[in-house]
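Next up: the structures, one after another.
Below, subunit A partners subunit B and then partners subunit C, in two separate complexes.
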Partner chain A sequence: MAKYILKRIAGIFIVLFVVMTAAFFMMRLMPGGILDGVEENLSADMRDLIYAKYNMDKPIWEQYLLFLKGIVTEWDWGVSLKLYVNVSVWDILAERIPITLYLGFLSLLISVPIGIAFGTLAALKKNGIVDHAVSFLVVLFISIPSFVMATGLQYFVAYKWGWFPLIYDDSLPRITTTFLPVLALSFSPIATITRYLRAELSESLNSDYMLLARTKGLTRVQATMRHALRNSLVPVVNVIVPAFISIMGGSLVVESIFGIPGLGGITVRSINVADYSVTLASLIYYTLISLAAILLVDISYGLIDPRIRMGGSKDA
Partner chain B sequence: MKHTSKKRKTRFMCMLLLLALLLSGCGGSPSGDGNGDNEGGNTSAEGDYEGYYKTYLTASIATMNFLTDADGTSTELYSRSGLRLYNYVPDGNGGASLEGELAVSDPVCLDGDAGTTWEITLRENAKWQNGDAITADDFIFSMQTALDPEQLYTEGSKAANGLVEIQNAAAYLEQYAPGNSPVSWEDVGIKKTGDYTIQIITEYKTNAEKIKQHFNMPSTMLVHQATYESCWDSSHAVNSYGSSLDKYMSCGEYILTEWVTDSKYVLEKNPDYVHADLIKLPGIVYRVVADNNTALELFLQGELTQVALGSAEIENYLQDPRYMSDPPLQQLNVLINNRNTDNNGILNNLNFRKALFYATDRESIAALRNAIPATYILGTKMIVDESGTTFRSLESSSAYLPENYGYDPEYAKECYDLAMEECGLTSLNLTVIFSESSPNQRPIAEYIQTSWKEIFGDSFTLTLDPKPTTVAYSQRKGWTSNPNSYELAIEGYVPVDNILTDALKFYTTGYPNANEYNNNERVDALYQEAVYGEQALNDNDYLISLVQQMEQILIYEDYITCPVFEIPNAWLLDEHVQLPVTERVPGGGWMTDYAEFVTE
Partner chain C sequence: MGETMIQVKDLRVNFRAWAGTVQAVRGVNFELKKGETLAIVGESGSGKSVTTKAILGILPSNARITSGEILYNGKDLTKLKEKEFYDIRGKHISLVFQDPLSALNPIQKVGKQICEALKKNEHMSNGEAKKRAIALMEDVGIPEPETKFSQYPFQFSGGMRQRIVIAIALACNPEILICDEPTTALDVTIQSRILDKIKELKAEHDLSVIFITHDLGVVAGIADRVCVMYAGKIVEYGTVDDIFYEPAHPYTWALLSSMPDLDTKEKLFSIPGAPPNMMYPPKGDAFAPRNRYAMEIDFEQEPPFFKVSDTHYAATWLLHPKAPKVELPEVLKHRIQRMKEEREGA
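Up next, the complex of A and B:
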């Protein structure tokens, strides 16, 4: 198991390196630059001097080597040049990651039990009115993007009804001020988990071992909870990772809508204003989170279903 | 069995702990300390900051270091918490004037007619937020920092030669450019002559008003030496001054007291400020609200004191007593890249540019955005004197403007046919680039796509090419290295409203970042005369006539660009707010920092 995890971690580093390299070149090749918007007031000398100061007068491959050298020798990922001028990108990230993670994990924490409950209910009442109602909601939640949900919630729940603040307000309890963004981010994963679990559980409920469990004297609920649900959860775990990654993706826009001081807002803005260091660092962060989430889920298979062994060789 | 139960309990406890961590916020606010004591259904922080002016920023502030604030996101914050030699102060009669802020009085000329050496006396009672006295050393250090040739602050250029050219300042700043000679700080025309007196030496003759305006620019504000020096990184290469509350020192009208990154910034009245008696507000709260509609909703909920209105919203609030409007701040033009060699160089054909100008139905396009049709370069907000007379209100400035906002489809068609013949073309397909996120640029592009085709006939096609703002910007500026980088583009610009020549600098030969090529010696000579000529310095009517001549040549002889409309600037202001000025002060705005709340 340990060997398997180490191999996977090594793989993560390789993927990170590839993503970092690709992102570096893509961003530098994109139009726009650090002096967009201020060039008008600079002389040609001044402009050239500023480009030289940040090594932007050099060929891109040389800029890349210097960037790598900075990371390897001094763990220097650079400073923000536009969004938070002269602040180390890791300081920028460190300040914002907690709230972004908070939104992501809380959404997931809400989505998983609700999704499991809805999925179970729909499977148990298959083809009944409850199932149809759940299926309708699932279609609705999947087809409406989180940022549209966010805008709708903001308008109706916050503005029209005044139940929650319109935007993030640090003077209110965090759970109050982030309730709507968390809710907006939760709809899609709830729908995804519900859909998968309903399908898996419907199949399990008709399987032979359920019949055996019932004949052993277990009630339908006992049999479902102890056997069918447990077996159906293994494939569902597979969708939790994409669901989490989708939450993180959704938070890029939802954070901006609600003015959440997280990483999502600055990732979008850093791309718009060509703040290379910030974009690169946040891309690395999102990649790392996604890869780590996948690894965690792979490891958790063994916990959910002890029959699954990770990292074993074929002849073992 | 007992072992399994223990494992379950452990798992359950872990889950509970995780949930508790999440609900408690796992890490707290990014900065600042919310008291979190609101209860039961009160979802607004309305009760806090009683009597404060509540406004918003559309993006988080980049830095409080005004020397590096490329995007101007924090202008309001540092303008209100920083100190400069001169600043706009309400006169008590509904107006405002540029008065000494750190300076005691107007600059005094020491060399008579030469007009290049100026002495300024500083107040002796000015203080930093921490109580440190402000002396001439602070000013010298601030200017030295602005012009630091190693840090190369983008705003340094403005400090060197924004409105007056300070002797050797630009040379000092750019001394490390290849081919430039070393310049010592002692050679720069900024001197300390006493603990509270400084001397400014300019390259060219200037006047007191220009000196005052120059030292009203944020790039000349004070930097606190001890704080600045504590902000160097270990290699002394990067300085993070202004990047957080503890890395900034206030000394202006207000003191920056709260900084919740990306969310909220609070300024509180500075009792030691030189004009503190005129400040009525206890403070100003800035929230970060990126979306205009959200800002409007916050205003309607009473959580903001003012809100800007988008063009689409203006009509809904025209009769509202809270409605306020300013002279338009931004003008949109269709740029014509006359260096483009495609289509046999038709964009460099004068008749073709004329055709585009007269084929543009500005009135109809402007109506789409509740805007003001424009057939000029200098917008309606440009003022010509201290009394606030606008350039466009002068009879001599409107005399040369065409009727019907320059819309003459028949003449446009004649010019088009002539141009096509001169360039040997039978059909023409042009592309117009514009910012996809701009609410004003797309309507122009879509309208001209249809209307120009109706006027010019089937031989003409205009393709729309919406792009991300930065991409459109780079493509527009790219003509210097690639003449065919774009054909037509829609662009907006915001000139400084009290400097007549500001908008015209873009059309002088050799201006490094022009949108389109221009090489008209007459315009260059007129610009030189307007900016540096002695007569223009002392005779405002003469300066106005020079500017009028330039505008006429650029628009009605060269047809160098195709103006379309000016965007109105409308906003809503809480009915309980009384502003200190009755009209927007050019250079000073509405001076909301001096506003007060009145009960009736």
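Up next, the complex of A and C:
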């Protein structure tokens, strides 16, 4: 197991390195640059000076080596070039990551139990009116993107009814001021988990081991809880990672809508103004957290499912 | 023997399916006496499993018992509420499933799955249940039961899993054991070992057994009486000797002729055609279209049961006094002759 985890971690570093390299070159090869919009006001000397300061007078591959050297020798991820000129990228990220993680985890924390509850309900009442209602909502929530939800919630709940602050407000308790964005981010993962659990559970409910459980004399509730539900929760772990990653993706835009000072908002802005170093660092952060989430789930999957833990075949 | 354990009267079960109503069981009658093994034999789809599920009240939700009674202990099981079954299943009537590979919960230790029944029905503590479970595992012939107790089903072979399923069924000393093709999924050597085990356990625990199979070869070794089922109905019943030595229904003849016979290496007889679609059960005798001895009346009117002897009845017009005398097929005559000689020799 330890060997497996080490191997996976090494894999994560390789992927990160590839992503970082590719992004570094792609961004710099794209048209536009850090002086877009101000170029006309600068003298040629000034421009050269600025380029020289950020190593941009050198060939790209040399810039890349210098960047790597900075990270390896001094853990120096560079400085912001446009948004917060000369502020260390590392500091910017360190300040913004906590609130983004807070949004993501809170949303996941809400989505998992609600999704499980709805999925169970729909499976138990399969083809009944409850099931149809749940399935209708699932389709709705999966197809409406989180930024549309966010805009709708902001307009109605915050602006029209005034129940929650319109945008992020530091002076309010965090839970109140992030309530709407978290809600907006949760619809889609709730729907995903509901749909998945409904399918898994209705299959388990019709399984032979469920019949065996009933022939032992277990009550319907006992058999459902101990056998069908427990077994169908195992594969649900599988959808939690994609759900989390899609929450992260959604928060890119949702944070901007609600003016939340998180990583999502600044990532989008840094792309718009070609603040290379900020974009690159947040990209690496997003890659890292997704890969780590996948690893975490793979490990926990092994812990829950004995067939994987002990190397048995899946179909047994 | 004598006391009736279960009496099934005119049981009819329909399935509401997407394309229409399937009449899976169409008026089945039989009774299980104390201490006997009753075999129910028939082709795939003849309604054997549905009958057993009706007895235990575990029919799927699209099934409906449209008529009939299943009498057990003065109660009609078809009228029982789910709740009332909780005290019967596992404790008084147990079922061994058709498919041992999928009957166990794949992610729960087998020991726990046995203990679950003991704790529920016998109110045992964890320690007591474990002790009893290990004894049961030993009973059904599982080597190193202590180790196996905390293993998962995927670590067991098919035969071992089937033994676990049998151990679960026997855990709470039921009076009635229903085995639904308990050995179909297993290879021949394991099959015979499991059958021996069932016989042994039956004697030890004074069980009454309903043994379901599509393999007449298995029946000879295990059953006292046999019901032959075709298209949702019983077409012939009698003692094992009645059915094997004096079969009266052409379907039973066909089944007997299609039994593999290792001694003679004759070409195997296979029954022509396929069973009818139970969404549209045919008029008259359902077996008529596949029956080489069918008469006109077979296509018109359903045959009643005719008495062959006190223990032996068959539903075929061939037994009607006015029917032409039909000789048993030659092959079958030889077979029966050989079986009789074998028995006398043994």
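Some observations on this one:
Going forward, the second predicted complex is superposed on the first by the 308 of 316 C-alpha atoms of A that agree within 3 Å, B and C clash if a C-alpha of one lies under 4 Å from a C-alpha of the other, contacts with A are read in each partner's own complex, and residues count from 1 in each chain.
The rule we apply is simple: a contact is a pair of C-beta atoms (placed from the backbone, for glycine too) under 8 Å apart; a residue touches a chain by one contact, two chains touch by 3 or more.
Quantities reported herein were computed from a predicted structural model and do not represent experimental measurements.
On the superposed subunit A, the two partners subunit B and subunit C both fit, without a clash. Looking at the shared chain after the overlay, A:Leu212 reaches subunit C, while subunit B stays out of its contact range. Contacts of A:Asn231 after superposition: subunit C is touched, whereas subunit B is not reached. In the superposed model, A:Arg96 lies in contact with subunit B only, and not with subunit C. Judged by the touch definition given at the top, the superposed model places A:Tyr84 against subunit B, while subunit C stays out of reach. Angle at subunit A (Cα centre) between the Cα centres of subunit B and subunit C in the superposed arrangement: 160°, in steps of 10. Note on subunit A: of its two partners subunit C and subunit B, the one contacting more of its residues is B. Once you line the two complexes up on chain A, you'll see the smallest CA to CA distance from subunit B to subunit C is 7 Å. The interface of subunit A with subunit B does not overlap its interface with subunit C at any residue. Residues of subunit A that touch subunit C in their complex: 206-209, 211-220, 222, 226-227, 230-231, 234, 304-307, 310, 312-313, 316. Touching subunit A in their complex are the following residues of subunit C: 56, 58, 60, 82-83, 86-91, 94-95, 97, 99, 101-108, 116-117, 120-121, 152-155, 165, 168-169, 171-172. Subunit A contributes residues 30-50, 53, 79, 82-87, 95-96, 98-99, 101-102, 105-106, 109, 154-155, 158-159, 162-176, 256-257, 259, 261-262, 265-266, 269, 272-274 to its touches with subunit B in the complex. Those residues of subunit B that touch subunit A in the shared complex are 18-19, 22-32, 34-36, 38, 41, 43-45, 48, 59-60, 62-63, 65, 68-71, 152, 154, 156-158, 170, 173-174, 176-178, 180, 238-243, 260-264, 287-291, 294, 297-298, 300-301, 303, 468-471, 473-475, 477-478, 506, 512-513.
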